[in-house]
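Would you mind keeping the following structure in view while I ask a few things?
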Amino acid sequence: MSLQEDDGQEAPRSLAPWRSVLHEVIFEADTPAGKGFDVLLIVSILASVAAVMLDSMGAVRLQYGRLLYVVEWFFTLLFTVEYGLRLLCVGRPWKYAVSFYGLVDLLAIIPTYLSLVLPGTQYLVVIRILRILRIFRILKLVPYLGEAHLLMQALRASGRKIAVFLYTVLTLVVLFGSLMYVIESETHGFTSIPRSIYWTIVTLTTVGYGDISPQTGLGQALASMVMILGYGIIAVPTGIVTVEMSQTFRRKVSTQACPECSAEGHDDDACHCKYCGAKL
Amino acid sequence: MSLQEDDGQEAPRSLAPWRSVLHEVIFEADTPAGKGFDVLLIVSILASVAAVMLDSMGAVRLQYGRLLYVVEWFFTLLFTVEYGLRLLCVGRPWKYAVSFYGLVDLLAIIPTYLSLVLPGTQYLVVIRILRILRIFRILKLVPYLGEAHLLMQALRASGRKIAVFLYTVLTLVVLFGSLMYVIESETHGFTSIPRSIYWTIVTLTTVGYGDISPQTGLGQALASMVMILGYGIIAVPTGIVTVEMSQTFRRKVSTQACPECSAEGHDDDACHCKYCGAKL
Amino acid sequence: MSLQEDDGQEAPRSLAPWRSVLHEVIFEADTPAGKGFDVLLIVSILASVAAVMLDSMGAVRLQYGRLLYVVEWFFTLLFTVEYGLRLLCVGRPWKYAVSFYGLVDLLAIIPTYLSLVLPGTQYLVVIRILRILRIFRILKLVPYLGEAHLLMQALRASGRKIAVFLYTVLTLVVLFGSLMYVIESETHGFTSIPRSIYWTIVTLTTVGYGDISPQTGLGQALASMVMILGYGIIAVPTGIVTVEMSQTFRRKVSTQACPECSAEGHDDDACHCKYCGAKL
Amino acid sequence: MSLQEDDGQEAPRSLAPWRSVLHEVIFEADTPAGKGFDVLLIVSILASVAAVMLDSMGAVRLQYGRLLYVVEWFFTLLFTVEYGLRLLCVGRPWKYAVSFYGLVDLLAIIPTYLSLVLPGTQYLVVIRILRILRIFRILKLVPYLGEAHLLMQALRASGRKIAVFLYTVLTLVVLFGSLMYVIESETHGFTSIPRSIYWTIVTLTTVGYGDISPQTGLGQALASMVMILGYGIIAVPTGIVTVEMSQTFRRKVSTQACPECSAEGHDDDACHCKYCGAKL
């Protein structure tokens, strides 16, 4: 998923002039109007998220519930209009709608409407904070985007190893969880295998709430094993990611493709294709 | 222990034709019948594990206990027949029986029979999920197997260092545990040395249930030391594994020098010098 | 922020002789008088911090409260006089006043005066322990300062990546927190979104107090996800810092080639080629 | 501190023959008698530690207390005699007495005698397990000793950096602890600054017992900061140790000194001194 915003807005050629202007204001941040719009947007997002958080606090809701309800609907309608305008002025509306930002923009208004049917879901509008990712573009935080890109690249490169690690952890967790269920039995809080698995995850990840904890000697011995295991195997993902990062951060691979054989993956300092020898 | 399935089935030369066919269906995943069998197997495994988990939940067992009991025995008998057939159609039954998958296949059916003697042990059939490791072979997840192999290699290479580390941790844990037992005494929950050692493991691994915690000032001071120690020495296994992985994963750079320009540092798969284009 | 003390005291040229002497005693540690002053200062700081800590313990305050109150004011007045003298004898008082040590020196006396208006704030004088950083200079612990400098350099170099990581963690924490608030509702201790976010931080960082913990199955499943996430992504800052450190600390290998045998890889301090013995 | 046993026993030249024989049996593991003695010693140590652990368990002590008391004294007297013999047959008794193993041998018998004066201290005899370190020598686990040596070397090389890190952590812990004491006040369990510091350590190291936890909003916000800080800065010691290990494990520095200028620290493949150019 790309964090760069290219939601189909790069090609509004055949648009009517008023749509072109609207596009520039909403999607670009180069003109004063565009910048102003973006800043206003971020302020609105922060205000609406703050309102939702305040609304969730019992004492505040009791006193200002009415006001916060109005504020919430005000921002939701505002964002709905904005979403409509975005769809309207973009060159390829569908491409925007299914892009990362398009989906977040949609998800940011759904919960309030949904709360008419399912009370309580309005709190999910906090997903709006994802919209603030645009801040990177507005504040010209491009170097940060670059770093984020590097990090993602390192994580993606180590994806398979991490998948194998996760699979191993999940298998261990199911096995140990069931074993603890048999050993500790239901009278000590291990009331079912799923709950025992929950306990095993709490223990293996070294979180350790203490809402469930082993009472028998055998259970405590097994728990000790799980703890030392969890304490030790944290080294595995750390090692994977560190090695991958050290390779990603160091090795600069050129994005150049060979003009002859189209092979990619050449080093940054290569002058000739390493496969066919053609000049790059 | 190898995750690749070569449980003696690679040489069924002198088998009767029907055993050959059976072998292909059960052990291979190349033919449609073989693939179908594997998929069916995985579904059965997941269903039987789900049944056991449901059975462990009090409310569910109360209502569907009878049904789940039948389901469990159905799958156990099914897997027993399957295990028999595997033994029958494999070239060298004994080699299969003592292989990793052979043992898991056996362990996956024993608990249900055992539960006739020792009630409660039927929950251990969750070990069946280990059978799903075959999924890697079926879904052609060979690259994942390769990654798993690499990880294991790195861990094995650092085995001795980790053993030394574990030995040190266990020694520390016994010493600190006994010290805490003397300091906090039995009135504060440290009722015996083994229990104090359990507490020390809980603390050193930064799990921290809080079911036992020091009450005296001296005990809290010592506990603080154990925490900072545990917080710090996690760096040791992490360092060991990271260094070992970085050596195991190291991108293979050829030691070949270009015959024309003597440049070095070519990738392993390069056919031409990346600087002058000469054939390597 | 530099830990080296160059608070403007390097240029007391045009000062009256008595101020010069005072400057040497207070700011330098080369003369016996200067060294004695510094040692006295550290003892005073430790004594005053100890007094505050003792004062915070109910039983001790009950018995020695009067005495500790006197001690506190004694040290505060002492440090106030010292602060005045420092301002007086330094060449550029303003530069000292806004330097790291100048600010700490000021903050170290404010809380006692503030406690006349806001009772309780006198405990904040523990900030005095920051003054002890001077110990590095006095005890000639320059190599330690060098190491501290190296560490800071590595952290600063990875600043952007860590900022991206922190931003991601904070976003995740807000999203998961709100989700848990909706799932668990107020009856299970998740009384507001901010409190849910607090719980999410407690869980993601694997602290796990257990003062709030999920009760519903869905909540526990989501909590498990947060735990495994927190357990896994610790690898990201660790990887970042490790890679950055390995680049900062890298043993300095000279890029010089031997003029005789063209061998490379000589240490930075080598004068002769380690292979043929020729002068570099 | 060296784990290799060279407690002065390497030079028993001028000893009487019976002392020579005794020395061989007790200190060496090459002869059958010496090996037998060592195995017997380890069994005795394990038995005595097990006895102490059993004695600490209330139910066991109630029933077998008398027996365990006798067992404890039997082993203590045995080890006392052994300690005496070691002193007797070693070439330089004083050097042995102050060596690592000599001190452990002494500490392993003191607690039982001490318990006559201070009841309860007999549990400290678990320090006897340190005597089992000899196992490395007996079982010819020299490669493990080598690994242990490498690990220690890496830790020692990073000693200064870790000291700086520890100093920073301790300063942070005192500052945050005092701040929390002022914010949460005594009614929420933060009854004194030392106790608040204890809580801060519990939180920063991500142990999180939950015996004390912040109740106010401001306290929870500050606690969140401490948690994220603790979650993040674990990267620092990990990075330090990893980098140091990668250098210690890789770089093989020859122990050769230059015959001309006595300089040391030459690389393994060096043929000439890098300082004066003389042939090594």
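Letters are used for the chains, namely A, B, C and D, taken in the order the chains are written, and counting of residues starts over at 1 for each.
Operating definition for what follows: a contact is a pair of C-beta atoms (placed from the backbone, for glycine too) under 8 Å apart; a residue touches a chain by one contact, two chains touch by 3 or more.
Not measured: the values here are computed from a predicted model.
Graph distance from chain A to chain C, where chains that touch are one step apart, equals 1. Across the two interfaces under comparison, B-C and C-D, the one joined by more C-beta contacts turns out to be C-D.
With every chain reduced to the mean of its CA atoms, the largest distance from chain B is reached by C.
In a homomeric contact, the two copies may use the same or different surfaces; for chain A and chain B, under half of the interface residue numbers are shared, pointing to different surfaces.
Each chain gets one centre point, the mean of its Cα atoms, and the points for chain A and chain D are 44 Å apart. Distance between chain centres (mean CA atoms), chain B to chain C: 42 Å. Chain centres here are Cα means. That of chain C falls 29 Å from that of chain D.
Multi-chain contact residues of chain C (touching two or more other chains): 194, 206-210, 230, 234, 238, 240, 242, 246. Within the complex, the chain D residues that touch chain C are 160-161, 163-165, 171, 174-175, 178-179, 181-182, 185-186, 191-194, 203, 206-210, 213, 217, 220-221, 223-224, 227-228, 230-232, 234-236, 238-240, 242-243, 246-247, 251, 266-267, 269-279.
Across the complex, chain D is touched by residues 206-210, 238, 242 of chain A. By the touch criterion given at the top, residues 49, 52-53, 56-58, 120-121, 123-124, 126-127, 129-130, 143-144, 147-148, 150-151, 154-155, 162, 166, 169, 194-195, 197-198, 201-202, 204-211, 230, 234, 237-238, 240-242, 244-246, 249, 251, 266-267, 269-279 of chain C touch chain D in their complex.
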